[in-house]
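What follows is a set of structures to go through.
In what comes next, chain A is part of two complexes: it sits with chain B in the first one and with chain C in the second one.
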Partner chain A sequence: MARTVTTRRKSLNTVLAWAVGLLIFFPILWTILTSFKTEAQAIASPPLFLNFDWTLENYAIVQERSDYMRFLWNSVIIAGGSTVLGVIIAVPAAWAMAFVPSKRTKDILLWMLSTKMLPAVGVLYPIYLLFIRLGLLDTRGGLVVVLMLINLPIIVWMLYTYFREIPGEILEAARMDGATLKEEILYVLTPMAIPGIASTVLLNFILAWNEAFWTLNLTAVDAAPLTAFIASYSSPEGLFFAKLSAASTMAIAPILILGWFSQKQLVRGLTFGAVK
Partner chain B sequence: MATQHSRSVARLMMAPAVVLLLGWMLVPLTMTLYFSFKKYLPLRGGDLGWVGFDNYVRFVSSSSFWPAVQATLVIVGGVLVITVVLGILLAMLLDQPMWGQGVVRILVIAPFFVMPTVSALVWKNMFMDPVNGLLAHLWRFFGAEPISWLSEASMTSIIMIVSWQWLPFATLILLTAIQSLDSEQLEAAEMDGAPPLKRFYHIILPHLGRAITIVILIQTIFLLSIFAEIFVTTGGAFGTRTLTYLIFQRVLESQNVGLGSAGGVYAIILANIVAIFLMRIVGKNLDA
Partner chain C sequence: MYLRNALRAATAMTFVATAAAHAQSITIATVNNGDMIRMQGYTDKFTEATGIDVEWVTLEENVLRQRVTTDITTKGGQFDIMTIGMYETPIWGANGWLVPLDGLSAEYDVDDILPAMRNGLSNDGTLYAAPFYGESSMVMYRTDLMEKAGLEMPDAPTWQFIREAAAAMTDRENDINGICLRGKAGWGEGGAFITVTGNSFGARWFDEDWKPQFDQPEWNEALTFFVDMMNESGPAGYATNGFNENLSLFQQGKCGMWIDATVAASFVTNPDDSTVADKVGFALAPNSEGVDKRSNWLWAWALAIPAGTEQADAAKQFIEWATSKDYIELVAESEGWANVPPGARTSLYENPNYQEVPFAKMTLESILSADPNNPTVKPVPYVGIQFAAIPEFAGIATQVSQEFSAVYAGQQTVEEALEKAQAFTTEEMEAAGY
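Presenting the complex of A and B:
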């Protein structure tokens, strides 16, 4: 039986929830609004909310001065590359653990999770040194590998929890009908696994996009993604609110949109299936 | 039943992931351990030989160690308290029937998707700037003297920024947990005349226990290693130098690799203590 709720109570909930929601969202909203102001309007006192002359000049200036597109491209390559590579490596592993479990499967899964707990700063110098020796410092390839390794445990875990929900009987049936392992994976498993794989890709793309320890410490110019692009605005000469806002908006917009699609998977992915 | 053949195929399929993660774990870890027993200054003489546990002793006896431990604990503790308490309240609010629930949910979750450098920089400049920041305007509006947030109230500021980033995560997980609560149980309690506060303490809170534990453990692991938020705002000044930041400075800024590596080993031990508890919960869930 559904609880009966008075309209009055529902209205009250609505007002309160919207107020809190807007308050939490406000810093993002304010950044987006400021990005359309002139620098003078951005620091006007009292602050201007909607009553200003909307302009796109900040976006043009940011792109022109700092070559935003190059950073964006680096972010896309690094986040996309590490995610795709991670999924390619993780799908077979998760498949094996979900459908051919052995006594050690649980231990392997937990051990993989434990590598995720390794604090990055604890291995900063070794990785830094290896990057210098291997000529990977400030290269996109190097970051793709590092971010892939950081997120691999999450990718394996997410895929594992999704694969486990696929009923094993279907695979048995396919096997009975004489399907080879290749056919089984290609025609039976893959179509059923696609939603899970898509969610995994989405969440890990977001995590890799926002990763800000390795991307700040292992890049300089050539491979610097948007995290580093934004960090460069922390120097005093970059203190122009409108331009800072335009740069910030451009850095977060793609991920905010992707994030909306991934909110359901977020819980499962980040709690390693412990909360669904 | 799995055949011998499928078992060996399965092993082969797991091999790349296992080998890669094993390498990712063992190679840097071994190197960190190795460096931690050496006097190693890349810019001032390089490898100056073995020093035993000297780096470990020096790291904890340096004057910046205890303040860093304190800063770390205050930030992690502060953020945990704020996000868990507000997260529970927010999750309960979002669970209520209302109009536009989906949109509100999106508004609340949004900060989680903002990259750390952006949120740190936006808060630092557009909100916490003592002259032009929005908070300064607000303070002046009420006739108060604006605060130089990041220098005068540096810890509060960092905790605010990080809490804003992590509140969505806590809320979302707690909301998921609340939604799995059997509503009949609540209704029964309501009909029996249990007041809201009692219903909260005896039904909702116990039900959320596991979710709260998970939120605390996962956030602790991430919060112990926050970096960008400090890198962009204070650069470790004004008492905000956490353990992670201290090690970063030792290793990359002052290039004292031996000392920094010893600190790194401490950080790894600390994170593992937290991790053990998390793994136990996750592991139990695997059996179910």
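Presenting the complex of A and C:
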């Protein structure tokens, strides 16, 4: 009997999980479907779900109008660069906070997180002026640094949480065996924290990929990533939903595929330590 | 000897590379609308003729506004040409942020630009931006539903007629709303519409001493009329409807009338997108009985050169090309007269080919009847019809339109909204030193 209840509960949970998952995924699914409609079908009421004449016309128009590969390449460089740079800086910082904490460590962590509460637009002008002086406007390098700084608190927090799960005794043993600080971090700590680092990298790559304030405001032509590509199809005066959906699908496709293939790693990393 | 030759070759190659790297190129920030996108397609012809490359940065209107404002106020120099509207141009021109568009060539024929557009894009008589296309607003209505209702739309209707017709055309069972109008918050969305509606009831934003006028009876009358009419005959949830939402409703045959930008005429009469393309009539925007001002606005998307650019000459060359009579001919030749950028040049409306376009006459009449210097019955200290061309307006009008949208959504009364609008505007204007 108990077994039946468990099975029933399991089935119920599965159905519930699928329902929630579909609900969350529905806007993305709708965007993808709309991208295959004509503009008239895109605004049809009642909405057309699958019963419409599928067309690739929107993709052809978007491809003809915009240099998709240039935007994509910029997104890869900016999101990848800022994530790698962030991790390089955050690993030693998180190590120090996790294994040699001071009295102020907690305060520093909270302070770092509080910087995320500042509305970005509040510092737009100072950053913009700084970029003009340094010649960084519309450069990928400039955006790599800005996005790294924006996401650094999250990277440090995540790595700090993972590092705290690793027993300090192991590092102590390595030190007693004569490991230097660099060797301790590189050859002992990092391999043990790989799942945590991987999920941090993935999450921050996604955050940097989707960032749409700085990437729109600090770029023009040369460094414009996929967020600028999408923005160029949004129009308050004219119905271009199908083309906008095609552009959006092209912009999210790479990250969707990446997320799909690395979902195990991502879930494992995000729930790391949660069951203890 | 070998080394010297190698050095010479290297120097020559460096020169060639430098020259190639410095082949002239201009960057243009623009909005995503049909006419602008069409222009991007013809840019190659400009490059062929002049050797100047053109890079486009296309952004959504509000993003573009923020982006170009940041760049121009900090002299960032990211853009050589900016697409801006009638609201920004006189303010930015007065601040010295734009290069005056003087010394334009004789062939360009600057006097051919419609006077209303030229005035709206000038400050102290100096032109700071060239109109690429211009628009006013007018009534678009379903001829079949009007006939079914047993009514005939006059060329110049009153609000009272519009309300009566809207009620007669409304058919809730068949999901037909007599009238669709903007209610969405935002100074350029519902804010613009209710401002011109106010004008046509004799209301004004400020008196001659810059004192806000929301406590005057004209505003109460205009807002009450609008809300009552929309509750009787408007679509459900109109408080969140803007241009695109109403366009969608109209194209699907769910609106009897729609009063909005003249540029919408080409969308609703396009059989590819509109189910009612062959049943649309046009009329001037309405006025309230006894008020000698109609509720039509005036707007232009125009090309301007920011003061920080190092390529002012090339930019001016491009603007001359893109807003010329020749460009209009070029588009007409390839895509037909209905697709040329409207509302900028007098000669276009004198062209017999263009006169055959069904909405041409009403668009021109709407543009010509709009007077930014005298937007309403009583005198005002500001220039602009659906806005007041002062830097503070965008922020204030956005807040005021949010209060009005709350009335449309049934969250507060007309009186409460007007009281809040008056208090907020007074506070902001005093803080700004008016």
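In the analysis below, the second predicted complex is superposed on the first by the 201 of 276 C-alpha atoms of A that agree within 3 Å, B and C clash if a C-alpha of one lies under 4 Å from a C-alpha of the other, contacts with A are read in each partner's own complex, and residues count from 1 in each chain.
We take it that a contact is a pair of C-beta atoms (placed from the backbone, for glycine too) under 8 Å apart; a residue touches a chain by one contact, two chains touch by 3 or more.
Predicted model, so just to flag it, every value in this text is computed and none were measured.
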{"item": "Touching partner for A:233 - first (chain B), second (chain C), both, neither", "value": "both"}
{"item": "Which superposed partner A:39 touches (first chain B, second chain C, both, neither)", "value": "second"}
{"item": "Chain B versus chain C as contact partner of A:152, first or second or both or neither", "value": "first"}
{"item": "Touching partner for A:93 - first (chain B), second (chain C), both, neither", "value": "first"}
{"item": "Touched chain A residues, chain B compared with chain C", "value": "B"}
{"item": "Contacts of A:217 with chain B and chain C, given as first, second, both or neither", "value": "both"}
{"item": "Touching partner for A:28 - first (chain B), second (chain C), both, neither", "value": "first"}
{"item": "Which superposed partner A:73 touches (first chain B, second chain C, both, neither)", "value": "neither"}
{"item": "Touched partner set for A:124, first chain B, second chain C, both or neither", "value": "both"}
{"item": "Contacts on chain A seen with chain B and repeated with chain C across the two complexes", "value": "43, 45, 124-125, 128-129, 216-217, 228, 231, 233-234, 239"}
{"item": "Touching residues (chain side chain A, partner chain B) in the complex", "value": "1, 3, 5, 10, 13-14, 16-18, 20-22, 24-25, 27-28, 30-31, 34, 43, 45-47, 89-90, 92-93, 95-97, 99-100, 102, 106, 108-110, 112-115, 117-130, 149, 152-153, 156, 181, 206, 209-210, 212-213, 216-217, 226-228, 230-231, 233-234, 239, 241, 244-245, 248, 251-252, 255-256, 258-260, 263, 266-267, 270-276"}
{"item": "Touch list for chain A against partner chain C, complex", "value": "38-40, 43-45, 65, 124-125, 128-129, 132, 137-138, 216-217, 220-221, 224, 228, 231-240"}
{"item": "Chain A-touching residues of chain C, taken from the complex the two chains share", "value": "27, 29, 31-34, 37, 40, 55, 57-63, 66-67, 70-71, 73-79, 188-189, 242-244, 247-248, 251-252, 254, 261, 263, 267, 272-275"}
{"item": "Touching residues (chain side chain B, partner chain A) in the complex", "value": "2, 6-7, 9-11, 13-14, 16-18, 20-21, 24-25, 27-29, 31-32, 35, 90, 93-94, 96-101, 103-119, 121-127, 132, 134, 137, 141, 164, 167-169, 172-173, 176-177, 183-184, 187, 210-211, 214, 218, 221, 224-225, 227-228, 231-233, 244, 247-248, 251-252, 257, 260-261, 264-265, 267-268, 270-272, 274-275, 278-279, 281-283, 285-287"}
